[in-house]
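Here come two complexes built around chain A, the first alongside chain B, the second alongside chain C.
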Partner chain A sequence: MIIVGERLNGQFGDVEQAIKQKDESIIKDLVDAQVEAGSDYLDVNVGTAVPSREKADAMVWMVETIQKFTDVPLAIDSPIDEVLKVGVEACEHPPLINSAQADPEELNDYIQLAMKHDASLIALTMDEDGVPNDVAKRVELAGNIVVAAMEAGMPFDRLFIDVVALPVRATQAQPGIVLEAISQLQGIADPSPHFIIGLSNVSQGAVKRSLINRTYLVMCMAMGLDAAILDPMDEELMDALITTELLLNKQIYSDSFLNAYRSSKRRG
Partner chain B sequence: MIIVGERLNGQFGDVEQAIKQKDESIIKDLVDAQVEAGSDYLDVNVGTAVPSREKADAMVWMVETIQKFTDVPLAIDSPIDEVLKVGVEACEHPPLINSAQADPEELNDYIQLAMKHDASLIALTMDEDGVPNDVAKRVELAGNIVVAAMEAGMPFDRLFIDVVALPVRATQAQPGIVLEAISQLQGIADPSPHFIIGLSNVSQGAVKRSLINRTYLVMCMAMGLDAAILDPMDEELMDALITTELLLNKQIYSDSFLNAYRSSKRRG
Partner chain C sequence: MAVEKVTRSWSNSINVVTIGEGDNAVRVGGETTLPFLHDEGDMPHRPKIALDVFDAVPDTWSGVLVQALGEAADDAVAWAKKGQEMGVDLISLHMTAHAREEDPASPQECAELARAVCDAVDLPLIVWGADEEKPDNAMYPAVSQALAGERCLLGAATEENYRTLTATCIADGHNIIGQSPIDINICKQVNVLVSDMGMPLDKIVIYPCNGALGYGLEYAYSIIERTRLAALGGDRLMSMPVLVEVGPEVQRAKEVKASEEEMPQWGSQAKRGIAWEATTAVSYLQSGADIVTLCHPQAVDLVKEYIDSFMDD
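Here is the complex of A and B:
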């Protein structure tokens, strides 16, 4: 499982404060904790901590600050082109670009950006019409993404298709639609692209968020999800993730299987 | 989700003691707790509490005792023909017969027994050769079971196909094989039979049994499992079950969705 740590995001109060006050110690603590918990990438998103015109600078500050403390690669996360580009350019290691929509022009721009930086790319199964209400349209958009990547010569192991999880509280059929889409997309290409979701979306506005998150992660992994943007510091979530890998025969059983996985994922 | 409470089984020390000492209070406590926790059936198994020649009597005592305290139907569980038959005959309400193997003769005998008592039947995807090592053989045996039920005129809503979960510790590929079998068996007949497993088998001999059980239950439910023999008094397990139903859109979201489900399942 490829784990993208979600906590370096200006939507969280501590990170907002860090960005506003240029407080490196808050950033360092979140870097250390997420790396220790097994993150393969650290997501970096300035959120709404600063006005739009200051977001590019804030992104560069975040990227440069984080890289003082770790060499774990970053997922540069912004809906704003310019913010995303300066973030990618500030990376010392090839990042994960988060994210492109499936509209042809935007998709091709971002694939080119990824190719230029040897980066990986998250491409969303949504377009100018928004997030599809059904399985078929998600699968169709994923097909478009795969074709665009193929035509650009982008290796599929650098392509992350995000099937776009939506809140169960608001749209209760959507979690099941996403599960079915993940299932149908298995085998869409060989080698397969990765399949990813922003996990905590599913519990937006709901109670028992951690329970909902970890239950949904297990369901999605059973269907073939192999990457997620999530809070790796949520210990019960990580226990569920590790146990799912065990049951999918992706990790050898030992009585210390939880610790064994954590040790294997930990890096400096 | 159809919940078969597993705790009235002589393999557990308290139940073994109850059987040996004809102690109704132990039985009553386990009946009450499992019914309160939402059991649709209560599994009844004398286990190894008494020698073989006393098992039929012990089964009848258990069934009669349990029925003093509840009208929740029973799952009569024994590998011994005679024990199973006297158990079924002692039932005041149509029980679930647990279980028949897929060998034609045994299967037909048990289907006839079920028909005679308006009972439901658990039929295992295993035969005289044991539990299949692959998906294809499980699916083939499930096909045989469906055909046998159809030929006997048994309604599919009274047929529970058990895809036979095996311990992850001993045979690590098996949990994934069972998941794939559940997935492939969706749509095998219309209306569909139920799909069931004996959940705690998966964690036999392992550490973190409750974590493994609830993780595997969620995975199986994502694939289409709609019944399980499990410990309904394991609160975290039931939380995971309820949350999975929510995410599969089988229960309406409310901020009290855990309590709402429990209230709806509770019966006297």
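Here is the complex of A and C:
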């Protein structure tokens, strides 16, 4: 499972404060904790901490600060083109670009950006019409993404298709639609691209968020999800993730399987 | 029509373990593919042959092997020197005298013997206990200390008995063998336990308690293969080189022990023993073994030839 740690996001109070006050110690603590917990990438998002015109500078500060403390690659996360590009350029290691929509022009721009930087790319199964309400449209958009990547010569192990999880509290049919889409997309290409979701979206606005998150993660993994943007510091969530890998025969059992997974990741 | 060769690339490689110091050091592991698939990946360090040397010849061994070893078998130091003449890569020294019921050797005597063997050859040492918890745990620290700085491979740590040996190996700079009873889950567990005590992953070698041909070879074969697939697929707690003990296991087979009088239809007992050892060894090399231990000088020659023919270096 490829784990993208979500906590370096300006939407969280502590990170917002860190960005505003240029407080490296808050960033360092979150970097260390997420790396220790097994993150393969660290998501970097300035959120709404600063006004739009300052976001690019804030992104560069975050990327440079994080790289003082870790070699773990970053997932540069912004809906604003300019912010995303300066973030990618500031990266010392090929990052994960988060994210492109499936509209052809935008998608191609981002594929080119990824190719230029040897980066990986998250492409969303949504377009100018928004997030699809059904399985078929998601699968169709995923097909378009795969074709675009293939035509550009982008290796599929660097392509992450995000099937877009939505809050269960707002749209209760969506979690099931996403599961079905993940299932139908298995075998779309060989080798396969990765399938990813922003897990915490599913519990947005709900109570017992951690329980909802980990239950849904297990369901998605059973359908073939192999990457997620999540809070790796949520220990019960990570326990569920590790146990699911075991039950799917992706990890060899040992009596210390939780510890084994964690120490194997840490020593990576 | 030309058939396209199917290859795949793996995300992880096998750890390189260095056994021995300075000019005597040998390296095992480092593979980025399954055994001998040179078109798919690298096999930077060829599989190694270790000669099994005992502090006393096991009384269960066949007379033909003892005869083939000659006088050297009376003395571990001479035996090890003979191994060097035979061109093996390592000496696999088995300590048993400390665990015998009558007049057991003291840890100090074991240490002196290990040191003498080490000094007599320019080859790195593997040193085994007798698989007896109490006497082994008394023997290991003395032997380990006598060999401190030689970066030997000591074993074996088991799920039940690993603390003394692990602490000792860490203190004296040795590598360690993690032993599991033909069980991939326990194999991983031992690696977790040993590494949790602070042993670096690249100082651990897996010993899966393999049997000889006809005695469960296929179980150990498939476990080694599955271990290797997991390792190449990214499991760092399975990414250790693998050692198989061939010589002593083969000596337990009735096909090797039975005389020509008992089994005339099986042909020459002398040839049988050599063939059994060589066949067992090359089977394990094909499953992913990095070190094979052998007893018979002619089996050593055959396996060397086999490795030469499968390496493209």
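As a convention for this text, the second predicted complex is superposed on the first by the 266 of 268 C-alpha atoms of A that agree within 3 Å, B and C clash if a C-alpha of one lies under 4 Å from a C-alpha of the other, contacts with A are read in each partner's own complex, and residues count from 1 in each chain.
Quick note on the criterion: contacts are C-beta pairs under 8 Å (C-beta built on N, C-alpha and C of every residue); 3 or more make two chains touch, one makes a residue touch a chain.
This one's a predicted model, so the numbers in the text were calculated from it and none came from an experiment.
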### Query
Of the partners chain B and chain C, which touch A:264 in the superposed model: first, second, both, neither?
second
### Task
Check the residue A:168 against both partner chains and state whether it touches chain B (first), chain C (second), both, or neither.
first
### Query
Touching A:150 in the superposition: chain B (first), chain C (second), both, neither?
neither
### Task
Could you tell me if A:240 is touching chain B, chain C, both of them or neither one (first, second, both, neither)?
first
### Query
Can A:253 be said to touch chain B (first), chain C (second), both, or neither?
both
#### Entry: Comparing the two partners chain B and chain C, which touches a greater set of residues in chain A
B
### Task
Considering only the touch criterion stated at the top, classify A:179 as touching first (chain B), second (chain C), both, or neither.
first
## Note on the structure
Shared chain A footprint, chain B vs chain C, residue numbers 252-253, 255
### Query
What residues of chain B sit close enough to touch chain A in their complex?
168-169, 172-173, 175-176, 179, 183, 202, 206-208, 211-212, 215-216, 218-219, 221-223, 239-240, 243-244, 246-249, 252-253, 255, 257-258
### Task
Would you pull the chain C residues touching chain A in the complex into a rising list?
184-186, 188-189, 192-193, 195-196, 201, 226, 230, 235-238
### Message
Help me check something: in the complex, which residues belonging to chain A touch chain C?
### Response
251-256, 259-260, 263-264, 267-268
